[in-house]
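Sharing a structure with you now.
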Amino acid sequence: MLKVAIIGASGYTGADAVEILLKHPHAEITYLTALPEECCHIAQAFGQFTGRVNLDIEPLDFDKLSEKAELVFCCLPHKVSMEFVPKLLEMGLKVIDFSADYRLKNVEVYQKYYQTHTDPHNLAHAVYGLCELYRDKIKNARLTANPGCFPTGAILGIAPLLRNGLIHTDSIVVNAVTGVSGGGKNPSKNFHFPNMNENIYAYGTGTHRHTPEMEQIAGEIAGKPATVLFQPHVGPFDRGILSTIYCTPKGKYEKHALLDMYRKFYNSEPFVQVLEQPPHLKNVARTNYCHIYPAIVKDRIVIFTAIDNLVKGASGQAVQNMNIMYGFEETAGLK
Amino acid sequence: MLKVAIIGASGYTGADAVEILLKHPHAEITYLTALPEECCHIAQAFGQFTGRVNLDIEPLDFDKLSEKAELVFCCLPHKVSMEFVPKLLEMGLKVIDFSADYRLKNVEVYQKYYQTHTDPHNLAHAVYGLCELYRDKIKNARLTANPGCFPTGAILGIAPLLRNGLIHTDSIVVNAVTGVSGGGKNPSKNFHFPNMNENIYAYGTGTHRHTPEMEQIAGEIAGKPATVLFQPHVGPFDRGILSTIYCTPKGKYEKHALLDMYRKFYNSEPFVQVLEQPPHLKNVARTNYCHIYPAIVKDRIVIFTAIDNLVKGASGQAVQNMNIMYGFEETAGLK
Amino acid sequence: MLKVAIIGASGYTGADAVEILLKHPHAEITYLTALPEECCHIAQAFGQFTGRVNLDIEPLDFDKLSEKAELVFCCLPHKVSMEFVPKLLEMGLKVIDFSADYRLKNVEVYQKYYQTHTDPHNLAHAVYGLCELYRDKIKNARLTANPGCFPTGAILGIAPLLRNGLIHTDSIVVNAVTGVSGGGKNPSKNFHFPNMNENIYAYGTGTHRHTPEMEQIAGEIAGKPATVLFQPHVGPFDRGILSTIYCTPKGKYEKHALLDMYRKFYNSEPFVQVLEQPPHLKNVARTNYCHIYPAIVKDRIVIFTAIDNLVKGASGQAVQNMNIMYGFEETAGLK
Amino acid sequence: MLKVAIIGASGYTGADAVEILLKHPHAEITYLTALPEECCHIAQAFGQFTGRVNLDIEPLDFDKLSEKAELVFCCLPHKVSMEFVPKLLEMGLKVIDFSADYRLKNVEVYQKYYQTHTDPHNLAHAVYGLCELYRDKIKNARLTANPGCFPTGAILGIAPLLRNGLIHTDSIVVNAVTGVSGGGKNPSKNFHFPNMNENIYAYGTGTHRHTPEMEQIAGEIAGKPATVLFQPHVGPFDRGILSTIYCTPKGKYEKHALLDMYRKFYNSEPFVQVLEQPPHLKNVARTNYCHIYPAIVKDRIVIFTAIDNLVKGASGQAVQNMNIMYGFEETAGLK
């Protein structure tokens, strides 16, 4: 059994990682850590584990970590993450990092959206963990940058178009709605139930940090620069991201040709389903699936994708990455 | 026009009081106050007023208050309220107090559930503002203690039985579910959307402070001591309290006789509706109504009541009290 | 008092029309009709009226209608509406029609999206009732076509740009999310609570009938043909439409210049508020307001609008139209 | 691998049974049936299975069933169930029946609440499948009557008190709130999203058919007749039943003694957790757990229980019963 530690286990992604790893045939959770003030029995942090899971969340001790783990799920926030990751790698551990710190290859772009990057060395070797598109590199990765939730839903939606050079790479508009768990577990005015319930709104207009991540990966797939107008919204539900993506094709397409092209592209992918109608977000909740429907409307292509932000958009994809990195069946623990 | 000030206007009851008073034919809001750090244009505190209401929430200035108001809606928390009310009364203002400070006539009971009572003098003269039952006293009140939200729903449900001596006064169980606005506007872990959504749970078992209030009023109506087992719950909706009340009758009743008795009791009440089936909470949302259905099950009487916790359970009833105190039509601004 | 009848009063728009008209200072509801099988006391159709409103919904009788009404709110579905409206007009009544039957000026477009148009004569004289843009024509209208809910939110968002010729009229993408009441009151699989709760999804891709309505009005405002890619979604909340509109400007704009332009355009409008941040849908619930935020992202303009689909998107706007048609203060009954 | 068929697989309990059995180490789904008009690929009936599960729901064919199954999960409605079960047993299949047809031992009681019982012979041999209390009988059962969802939550809450003779068996009041999935998958006015959202209400006052089931089992545990006043409610969430149970103890109890007694009673139960505070319903969602908190309030005992109505209240408990009947580890597929 692969020994897995989760650092920063007290958040929603930590909880989902525990939930998934518990069912994994080849991996076991051996160590959970968090900030000292958040340490407790896991059932105190997440009541759904009461009686089901007997694990403590402890303050991080590197000696213990070294002894107990081979792989680390690093669920720390950006900036904090790159303070810990170098040490983890030095200790000979492999790392799947949930933060943004190792996703953006261009340090200047990172620094524009975040802050000074303090670990450019490891950044250079990190592999972007969008499994469907970077599988071969992930196989040999020691440090995998688990993709952002919004980029996962967006990129899976447009990858077939980009790879085949079918759209203008400056025409992409990603309109997405996330569930409230995407905002994390800390109470705030906006996410106070009487404010969020029966509500929906946009945020991060022109500034959301997942924009450069989308643009980098879209560009890599297309083989030329891509710009993405990304507009996130938050809606009154727990989980999931529904992305509605508008782009301009270079030529004319028939509905069925488009559908066939998507089916072929994702033909052997265990977690991507191409549908013949717009996906219902609820159907991917608590799964590692991405449901996609590509449509043609007037002279545009409109693609709809649905994922669970905490599973395919975070912990499920991390486990999928782990499976690839360790040569397990890619769907182990996830079907 | 009656000049009304709202002290502590930055909470949910303040917002609902503003909403109601704006439509009132005989009253106008002349002054809104809150703690300095919460002062702002009302549309900043409550976005639903954007463009509709042009009022500022200001720090309390007694001179201004004296000049601008005849009546004060005191929406302060308990303990703070009784620090301000004596001064307001001395200034010659009338007060409708939303806190618990002037509801419990027995200072010892108050002190057991809350803390030392610092204004027993005014407490002695305060009138309990459950309009349907204390209308005559309210007419002449200078200080009206606006009832608690749970007691309003509970007492209206059992008053006909108590007044007519039909039930054992030690048999009353009040099982109630409130919407999340009942917990106030401050974010907290329990009311963080991903924790409260799709959830429901009990709290305050054996300790909720509305218990002695229910017992005091139930006892007054019955003319002898009453005990109430009150168990509140909170459910995933914004507004309203659904109370399911179980009690043991002294004799045998027929369904129709019970219904008739309730209808007669509330016959002339503008805001109480006796139904022939259990009320849907949604039907009283944003109204000052209480819907009641009394039923007989086996050897018990079961009464269902539904109110909006912020309207009939707070600001609507305050306006109803104001209407009674000033001789306005009792339904003014409320229908 | 203006005597108003509501034909087709048993749906959600009927209920909201009743709610608003009850508070109107210059109008009174004198007659409510529906299909015979839906006739009942209004409180049976809509529990929220229990005890508050004493009106019966009756089968339509033209003699009674003639006697009881001056103005008819015609809340019938399309096709049915144009079977009744000619008769109503002949009887000398004025009509505000909630259906699509009198919105599309081009009969061929209507016939492509709906069916054969059986009343082209009255269609030619009907006035499109988007108050902010067609106020002068509405004043003299005998037949006002109340706008669709989605077009209301969309057009108010882009009208300033179109009127001033600032955007390419073939670049408009309207991404909208409506609450479930937009789907009407009839139970269906998709809107069964366990299917709709915690869900969100797109529908009507490339086929939604509000598309030609948006294009017609956008074209009229711009003075030249406009195409709109309109993509509706439905989300897990009762009320409201949040529209996120993407379009390509002809030149460069500064954020503040854009905001100023919008403010000037809607300066004297009582029900349009230009915000400095994306609107929260909940803030317009149960109001006749439209909240708008125009932003610039990269080389696009992105406009956010929020309305209540049943108020500004239906019954509230109908009352606003009534106010204009009868020379009442435009905000009467609506503030 | 045990071959399991699900008859009546097109409802919510069928979907959850599929979800659970798919993960079961010793059982496999070999046959799914439903009414001809509901037959389809399972992903068409339940979108969450898209791409994950490749099973068809077929019309029932007894020959096929005989060949494909050893155990049948019979998810038919009452009355229909007892038309099929005799045949299934005759064919030598074992049956876990989800309906009420084999739960009530007293045919007269059944006939009072339901209709004529057409299979008293098999009823006499059926075992009531509340695992924690009837484990020994279940081991040898050929026909297990899977308990009702409300009785499961209620009985687990009071069993320790009844078994130890600590309460008056005529004092039991069960106040329960279920999620909307408890009402089944067929659309209806009450469960139409805009009617159920932001709503909660009681139903079945004095008539709910789970009452005699609770009374029968409570009486068996207590060893003497028990009466239960059962009042169900439905609230705006998908899953779960929160039961708040009030009863009168024969003597005085201390809080800690009560808690200890519950802990001892359920000490070796894998799916019952005794908590020290009222359970949050969300914490048992999608699990086979029952969370219980027993409290003392004044002179009453108040017990809170939370289960998932579709798992511990239906399909999870059915799998638990299967595990017991076939000698599998009791938690197989359920942890």
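We just call them A, B, C and D in the order they show up, numbering each chain from 1.
The criterion applied here is as follows: a contact is a pair of C-beta atoms (placed from the backbone, for glycine too) under 8 Å apart; a residue touches a chain by one contact, two chains touch by 3 or more.
From a predicted model like this one, the values you see are computed outputs, not experimental measurements.
Listed by label, the chains that touch chain C and also chain D are A, B. Among the remaining chains, B is positioned farthest from chain A, on the basis of C-alpha centroids.
Here the spacing of chain A and chain B, counted between their Cα centres, is 47 Å. Put simply, the C-alpha centre of chain A and that of chain C have 39 angstrom between them.
Between chain A and chain D, the centres computed from C-alpha atoms are 37 Å apart. For chain D, residues touching at least two other chains, in rising order: 197-198, 236-238, 280, 282, 285.
Those residues of chain B whose C-beta lies close enough to touch chain C in the complex are 23, 47-48, 50-52, 198, 273, 275, 280, 282-287, 289, 291, 335.
Residue ranges on chain B touching chain A, taken from their complex, read 12, 179-181, 185-189, 191-194, 196-198, 236-238.
Remark: chain C residues 173, 175, 177, 195, 197-203, 205-206, 227, 229, 231, 233, 235-240, 242, 244, 246, 278-282, 285, 295-298, 300, 302, 304, 306 touch chain A in the complex.
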